[in-house]
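Chain nomenclature is as follows: A, B and C, assigned in order of appearance, with residue numbering initiated at 1 for each chain independently.
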Amino acid sequence: MTAYADAYREIRSSWRTRRTIAVAAFAVASFAPLVFGDARTADLADGLYLACAAVGLAFAVGVAGLPSLAQGAFVAVGAVTGAHLLAAGVPTPLAALAGGICGGLSGLIVGYAFARLPRAGFAAATWIVSWLVAFALQSITWFLGGSQGIVVSGGPTAAQHYELALVLTALAALGYVALAHAPIGLRLAAAREREPAALALGVPVFRLRAAAVAVSGTVAGVAGALAVQLAGVGDASQYGSYLSFRLFVVVLIGGTLSPLGAPAGMLVLGVLSLAADAVGRLENIAASRAHTLLTAVMLLGIVSLGWEGIVRPDRGSRRGVLGTGPVRMEAATLNVTALGKSFDSVAAADDVALSIEPGRITALVGPNGSGKTTVLRMLAGAIAPDRGRIDAPAGAVARTLQSTAVFPTLTPLEHILVASAGQRARSGLVRSLFATPKARAEDAAYVEHARRLLDRFAIPPDVPAGELPLSDQRALMLAAAYATGASVLLVDEPTAGASTAEAGRMTDLLRSLRAEGLALLVVEHNLGVVRRLADRIVVLDAGRVIADGTPDAVAADAAVRAAYLGHQAL
Amino acid sequence: MAVALQILASGFAAGAVYGLVAVGHSLVFRLTGVVHFAFGELIALGVFVTLLVAAGSGPVSQTSVGGGRFLLALAVGLLVTAAASAGAYFLAIEPYRARGSVIGWVGASLAVAFAVRTLLVVFFDRPAYVFPDPLPFRRIADRGFWHVGGATIQVRTIFVAAAALTLAGLGSALLQRTRFGRALEAIAQDFDAAVLVGLPVARLVGIAFALAGVWAGLAAILAAPSAAFDVDAAARYGLYGLLAAAVVWFDPRRALSAGIALGLVQATVTSAHIGGFELGPAYSDVIPLALGLALFAWRARSMTEAVE
Amino acid sequence: MATHREALTLVVNAPFSRSPYLARSIENGVRLAAGEVNANGIRIGSKTYELHVTTMDTALSPARAVANMRRAVGQHAVAVVDEGTGLDASWRIANEDGMPVGVVFEGGSQIVDPVTRPNVFRIAPTDHGIAFRLAEYLVPKGLKVALLHDDSDYGAAGEQALESAFSRNRSSVAIDETLAADALDLGPQVLRARRAHATGLLVWGRPATIAAVLTAARSSGWNVPVFTPPTGSDPFVRQQLADNPSWVDGLTFASGRLTAEVGTGPFLTFEQKYESSFGVDRVGVKSGGRPVIAPPESAMYAYDFVNLIAAALLKAGSPDPAKVTAALNEVTTEGANGDQRAFNHNNHEGIVDDDIYFAHFRDMIYVPVKDDALSATLPTLPQTR
């Protein structure tokens, strides 16, 4: 009971007017079968199943940032599964579940196959997938029975399907909210905004993207299986590439970053179909052609106006409560021996050896092109070395990027939650979807921890990171790397572009981290900062270590001076 | 042997057209990072405008168009394709590409594709069209057919393959040996740097879009009289061209070969009998697409490095 | 003083967006008949009714056909004239209201069954009838026939019908091949048929497939006879082969008889009415220097069904669809071509299988063959203007 009471209080405290409107709209919509006849109710139910599938797509497109054009294919997979099972007499709920499972598996396969691609490539791949499925359904009559289709008789009435579709759409929207709010959604959003930075924070980007596509496929599969029963016939021609386009349009029109966007988009498309009927009659064009044309023209108009969708995103608040937050890994030393990496015939790193010890700051310096960033990327695991060894406990190393790479629309609080998500025990897909009491309690504890961390780093928690001054952004990158719980931090040019005061802030932060016992490797061009900060300096030139010692020893090294061509003395 | 020769000839011809479309896709992608989803439909637009000017929109027979009228129709069709391609770039793609909005240009290019396709189907609503063939193939060999090794091969099939390869060669020469081509290469290597050094990037890319449409459109128009033609057939060139380009990750130098390979696979699946076993036409789209996607997925495995 | 008339909705459920020529032919036939009926109206009791025609596009999609049927029921339509796509699913919805459905194109045998589907009627040649007549015509010729069908739904249905028709004469079948409906080149498949020593080709597919097979065969110098179902008469075949008119010569197709035993008069009258209302359908080729036209075959079947509906309304004495369905089993009308059209409780097929005839092309127009008993009695329709 306490858990339910907590949940109720939480919902009540975060309630907004738009949620009241949404609930009211759903409630009013539930009376539609009383007003409309069977045919119209069936049309509305079909539209709602599509809206449900579109909510699933909105998760992949909006939260994960994946331009998925295969949602129609996943609906088709669900429909084929549903049609065969229903025709064989399997009860509707089981057929729907099977459709969801098959749709989810298809999504998982597509996600795993193509989630590594850049977004343009992902769009191309999923577009081809949608055509493949369409051709398979049309050519191989076993799937959906050729021109007569597979007849699916019996089952709920049109009105019952309507209510079921309404409930499913509402549940899909709630699922969207739960997942978008949860660590999985935050990490996907981070990867959407800046994939390299997300990878640097240990976000398993490709796995999560595959999961996002699987989630969208599952929702589509359920919708497809039920829609085919409503239609009374499994019909291959309904699952062409136009279905994927239509779902994509619905999501874009309604808004990709809100769970209510897809239903709103479907409503617009429904109104459009009435207009299409009128245009069709006027111009003696078949209504389906007019509908396609109007949909395409409308989408062109909407994207050309820079429209972001009818329903704007709603950033919910996050409650923090003291509890068990993230735990730091044990202090560890990162040892590197004989590390080497070549790109074509150029040796970017050659026989590099160094040791990054707890409670010490090691600076890695060298002229431009000396291989510092390559070494850093190898130590972080971003690229594989050609030879040599890197000894460090798994997950003990975190890195900041050279460029200022925050996630512009995420708040600093959300940055820290993304970084610390890897340590959570209750942030899996199912727990996130159902927002279990333990998952919410863990979330509250992590939120509180994040607020305290941001307080320590003097970063405002609730402003979108893109609006923060540069120094706050650099500090945020460091805070996020720290929040991963890593005991070894690789910091790439923390004072780049900073004023003296800003550089001082960063060096103070680094010293505080050293005092905590972290092992720090700092790549820096500002030799004054290096001199003041580092316990040890490693100098690279043309990929090789030419000096490794205390700041005084390195400053006196003739080879170091020669490498810098006397431009700047340590 | 005879069947194999016919498969080779028909597969090579279709594949060469796919390859040329794939080169167009690759060029567009290299320049802008955009996948041109409307490419097939814009090619179809060119083909049908040519048909409209040459023979109207009523019933058509292959004898009804003279050489002069056909040339005029061809010029108009290619001009429309060029204008539509460039227009699609400036209006529907560039605004989103510039903002880095992938979702935006994906939506916009798809919208262009469906808008063009639907317009074509509204005006050209017959299930198939006969495309006029002004070239005198009937006077070559045995009324336009060569008999080789027991196989009968349309002269026009060889012509289509040769024309597509020639166009690919000319396109390659244009890109590698002209100032225009070098400018495009600079843009492909670093868009922002090209802007900084003063190249009229937007204009050059618009011209490249137009040329890509014209090149591929010309190949499609040359292939059209080979058989019954409809809007879907032209749109499929875009799909197969995209698949061929994607498999080689939009490398223009390999896109043509990928297209030809795709055409050969398709012809083999459709027509080959091995022992008593045949896959048959039911799989003529499914198998090539599935194989191509599998290859694409294999390539995707190596794409682990995100650009910082 | 004009008598007030109540409207009775008559729905045309056809693929307007995907097969506009066929769909418009059906619609035109319905409108022509409805216009004639409405001239006097349908007097039932004290009320006079007239038929209002509504069209719905199936886009060749069974799901859309089902949705359209729901809409038709919702609009309290008195009957539906249907091209046939999706009937296996949609008939049930019409049957809940007892609404009669008249199929005027699809020929699949499972579509019509007076016992299990009492509200479904057909006026169109059946695939079964065409396939069996083809077998009956070809087997005695001693030909070794290559059965070529495309992978369209039409071709797949034809494959089943041919398999049944030739099941007792497999020795007459040289080879059975599936062709890609949208293939650019059917050379390899035709070559295989030749290598199987076929002495005749039976091509069951869309017009484009038939044209492609003819091209592949004739171009290689293989002048074997080619036989087809009604799609062989589609204008597209002649358009595609206009460059080589001699390749069309001898192409033989099976179709429902356009004229009746009483002669060509009734059909020509119908054709005249049709052309006055909707214009002439030009093929685009010439014969003897004159433009060739296509006779309105599909329109005729739709026209006949509407007339049967009108008669059934009068017989039923009520616009109630269920009563109209029952009455359809008891009325007879004269068809557009002069034949009597009627159904009964045991038979809902308006075209008898025996009424399939054969015609072959000569100089771009078709002429009934002389080596078939029925066909030899039929006149050649004027096909030029």
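One rule holds for everything that comes next: contacts are C-beta pairs under 8 Å (C-beta built on N, C-alpha and C of every residue); 3 or more make two chains touch, one makes a residue touch a chain.
Bear in mind the structure is a predicted one, so any value in this text is a computation, not a measurement.
Of the two chain pairs considered here, A-C and A-B, the higher C-beta contact count falls to A-B. Of all chains shown, B has the CA centroid lying nearest to the centroid of every protein CA atom. The centroid of the Cα atoms in subunit A and the matching centroid in subunit B are 35 Å apart.
Taking the mean of the C-alpha atoms as each chain's centre, subunit A and subunit C sit 55 Å apart. With touch defined as above, residues shared between interfaces to two or more other chains in subunit C number as follows: 17, 20, 151.
For subunit A, residues that reach two or more other chains under the stated contact definition are 139, 289. Annotation for subunit B: residues touching 2 or more other chains are 121, 281-282, 284. Within the complex, the subunit C residues that touch subunit B are 17-21, 150-151, 178-185, 187-189, 191-192, 206-208, 211-212, 216, 219-221, 235-236, 238-240, 242-244, 282-285. In the complex of the two chains, the subunit A residues touching subunit C come out as 37-40, 42-43, 46, 139, 141, 146-149, 151-153, 158, 231-233, 235, 237-238, 286-289. Looking at the complex, you find that subunit B touches subunit C at residues 2-3, 6-7, 9-10, 13-14, 58-64, 121, 125-128, 130, 133, 138, 142-145, 147, 150-154, 157, 223, 226-228, 232-233, 270-273, 280-282, 284. Interface residues of subunit B facing subunit A in the complex, by the touch rule stated above, are 29, 33-35, 37, 91-92, 95-96, 102-104, 106-108, 110-115, 117-119, 121-122, 239, 242-243, 246, 249, 281-286, 289-290, 292-293, 296-297, 300-301, 303-308. Within the complex, the subunit A residues that touch subunit B are 61, 65, 67, 69, 113-114, 116-121, 123-125, 127-129, 131-132, 135-136, 139-140, 195-196, 199, 242, 245, 248-249, 252, 256, 285, 289, 292-293, 295-297, 299-300, 303-304, 306, 382-383, 401-403, 405.
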